[in-house]
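First chain A sits with chain B, and in the next complex the same chain sits with chain C.
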Partner chain A sequence: MASTFKVQPTRMELIKLRRRIKMAKRGYELLKMKRDSLITEFRNLLEDAKRIMGTMAEKYEKAMQKLALAIAVDGIITVRSIALSRQCEPTFVMHRKNIMGVVVPVIKREEKIIKCCIEREYGVIGTTARIDEAVRAFEELVDSILEVAEIETTVRRLLEEIDRVKRRVNALEYRIIPGMEATAKFISFKLEEMDRENIIRLKKLKGKKAKRA
Partner chain B sequence: MISLTGKHATWAYIVARVKVMKRNLIPSDEYRKLLNMSFDEIIRYLEETAYKKEIDELAYKYSGPRLLDYALTLNLGRTYKKIQDVSFGLAKEIITEFLKRWDIWNLLTIIKGKMVGVSLEEIEESLVPVGSYTMDFWKSLIPKEIDEIIKTFEGTPYYEPLSKIGQVPLSEIDDELYKIYYSRIIAMRPSELALKLFVDFIKMEIDIKNIKTILRLKREDVSVDEIMKRVIPGGFELTTEECGKLAAMPWDELTKSLEGYWFGKGIEIADKDLSRIEIQFDKVWMKTVAKRASNYPISILPVLQYMILKKIEVDNLRILGWGKWNNIPKEEIETQLVIL
Partner chain C sequence: MKVAVIGDPDFTLGFRLVGIRDVYEVGNDEELVEAVRNVLDRKDVGVVVIKYEDLRKLPPVLRREIDERVEPTFVAVGGVGAVEELRDKIRRALGVDLWK
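Our next item is the complex of A and B:
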């Protein structure tokens, strides 16, 4: 038994261990609460994520249809030439947000992604409404992709955190706390045993003293 | 070279050549059949038409709808070149002037490609083999720096807007170049009937371009001033003032007031789906040109009408090819076709 619990069976150790058990139980309760809150937050986000991803898929379909139509009517050469007008990629900055200790990204668009027809890099006279519609559909898609990137990262980070907290809660519930309780039980049993040994030793000494007298 | 004397004989010769070429155009009823065909069947059908040569020629390089697209464009370029070659005198000048719009297109494509830094092959693939310059000329410009390209156009009307590259947005230069193209044509003094007919034809095109611009920008709630910056002056019925009035109107009022113009008759604008509305305008324009061409059978109009009809045929075949390839619904393909 002593080899299983590598502790000194002293009263001081028992007091320390009991303090640790109390703290572990408090930590366990807090982690359980954190896990539950994270799961609630995750569920709420999941609904949003599903909706946003669905919207992105719809926008992708729409953008591809518009592009197909623009290529069909205006020709691949025209569309390629107009695509060359785009001289810079859409830019964005990443900010941070804290959800119960989990750092998640917030994507802020540095420049407007969905632009008006006259703000784009191609002229109006030499192009058609089909090109405008295809470009707009792709601008909306890019905007949607950024939204998805933000929510997908948040969901993934929350999931990782839930998993981590869950593992901690399980470790505390099934391993650490029972282990510490067993050690404490072992120490108190040992201390009781030592007390009993002392009482018997004292009784024997008292008996010997009485015989001598 | 066939020697013809007299202006009437000149036009008669060109119109006769164009009439023969017109017979090779795909009849309107054939589009109904083509609509029910698959992509492969359309290609097989085209292999039996004037497009066979270009399809075979480019088959080593492209496949699928890209092959069709590039073959159609090459055929269009060759057809326009042929018309340019068979014409002479004023007719040749008019046709060359008309085709200069493709020069602007190719020039802008090269500049945009150079600015973005795409490969030379990619720029070359985006050029249209139509216009007053040869493809070799455009290809020679591709490896040059932007400044050198601009310098090449020194002395041409395009030089001034081109020299602003880097200082103003490219979209403004784009529009400015097209405005120069149209303004040069309408500034021609129509001393001859042929020239007058050509100028009127271009003025009608300006009307169509302007009304499309106004509707496109109104749909996006662009201010009147911004719309007017992109309006081409000198339309057939749509003067700059008229355009200003239309641009200031709310959408519903604007669509209603179109009925009073030559291009607005029979146009149905139920929603803001401009791609369909633009096709309706093209149809009206084409019908009006056809009517005028029948009034002046020995003039430049039948030639210009054929050039537009050829472009429409190429566009229709491309819509059919890409539409079938991308599984666009038959009804959608049909609405995008210009069948006269």
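Our next item is the complex of A and C:
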């Protein structure tokens, strides 16, 4: 390992390194826990996400069919003019929630989006049931789009975070901690070696001194 | 917060029927990019509805920005592309395909 031989083999360096290893190990444990709890959170959401996204896709298909039918029978101009007559826009309130450092949106609907046909702004008499059905299908679609918006973003962001944390955990486990441990081992070995050299040197000097005397 | 819709006139008409007024009708790719940029700058839009094919056409830089933002949240409708993409992400992040 390249980093093994860049350090000075001193006791100070060894102490510093040991401290860093301890720190890295603690960080590693924490990150591992974070990863596990993120995955738990994700698995709780997954079933809901599947269901909600599935319904949304179905509703989209249905709404598009109904709209095509309404256009085909009543003509595009009628449909467009009804679209212009609609007044109340679907609104909602958006909050931010924090799941272990991941910011996700929470959507709350202020008023119900699906309305009864007399609540809509166009007249009941002048229009046909097909248009009513198309409008209703789209109201349902928007309702479920809002649900999807919340859960899909949450799932997506959790996944990104899991990916990131996993990378860091793996880097610490397989690269950084073993590297630092190898360096520490190298330093302590070198220090021992220097100790032994010193002892030999002293013995030799002692022997020379004894000869001279 | 409001819902905005980006897409071709056929796609947006249905959402007009619900009463959504923030509709960006786009005819070509340049207009599409322009509309997405406009929406990203707005403060009152919380959810943007866009066709999956249109989302795919956006330049990568813009797509990354969309992914990173919380407000507005983009919802791709139509086709199975969005689900497939998510599934791919799960496979990459967890190593197993949990989406079945």
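The rule is short, and it goes like this: the second predicted complex is superposed on the first by the 174 of 213 C-alpha atoms of A that agree within 3 Å, B and C clash if a C-alpha of one lies under 4 Å from a C-alpha of the other, contacts with A are read in each partner's own complex, and residues count from 1 in each chain.
Simple rule for what comes next: a contact is a pair of C-beta atoms (placed from the backbone, for glycine too) under 8 Å apart; a residue touches a chain by one contact, two chains touch by 3 or more.
Note that the structure is predicted; figures quoted are calculated from it, not measured.
S.K.: Which partner does A:99 contact after superposing on A: first (chain B), second (chain C), both, neither?
M.R.: neither
S.K.: Give one of first, second, both or neither to describe whether A:166 is in contact with chain B, with chain C, with both, or with none.
M.R.: Second partner only, chain C.
S.K.: Chain A residues in contact: does chain B have more, or chain C?
M.R.: So, of the two partners, C touches more residues of chain A.
S.K.: Kindly classify A:124 by the partners it touches after superposition: chain B alone (first), chain C alone (second), both, or neither?
M.R.: In the superposed model, A:124 contacts chain B only, not chain C.
S.K.: Output check: A:133 vs chain B and chain C. Expected answer is one of first, second, both, neither. What do you get?
M.R.: first
S.K.: So, A:113: does it touch chain B (first), chain C (second), both, or neither?
M.R.: A:113 contacts chain C only, not chain B.
S.K.: Quick one: classify A:69 as touching chain B (first), chain C (second), both or neither.
M.R.: Once the two structures are laid over each other on A, A:69 reaches chain B alone.
S.K.: Looking at A:80 after the superposition, I want to know if it touches chain B, chain C, both of them or none. Which is it: first, second, both, neither?
M.R.: Both chain B and chain C are touched by A:80.
S.K.: Which chain A residues come up in both lists, the one for chain B and the one for chain C?
M.R.: On chain A, the residues that contact chain B in one structure and chain C in the other are 71, 80, 84, 86-87.
S.K.: If you look only at chain A, which of its residues touch chain B in the complex?
M.R.: 65, 68-69, 71-73, 75-77, 80-81, 84-87, 116-118, 120-126, 128-130, 132-133
S.K.: With touch defined as at the start, can you tell me which chain C residues reach chain A in the complex?
M.R.: 1-3, 13-22, 46-47, 49, 67, 70-71, 73, 75, 77-78, 80, 82-83, 86, 89-90, 92-94, 98-99
S.K.: Using the touch rule from the top, collect the residues of chain A that touch chain C in their complex.
M.R.: 39, 42-43, 46, 49-50, 53, 56-57, 60, 63-64, 67, 71, 79-80, 82-84, 86-94, 96, 103-105, 107, 113, 131, 134-135, 138-139, 141-142, 145-146, 148-150, 152-153, 155-156, 159-160, 162-163, 166
S.K.: Enumerate the contact residues on chain B facing chain A in the complex.
M.R.: 65-66, 69-70, 72-73, 104-105, 108-109, 112-113, 115-116, 118, 122-123, 125-128, 169-175, 177-179, 209, 212-213, 215-217, 219-222, 226, 230, 232, 274-275, 277-278, 315, 318-319, 321-323, 326, 328, 332-333, 336
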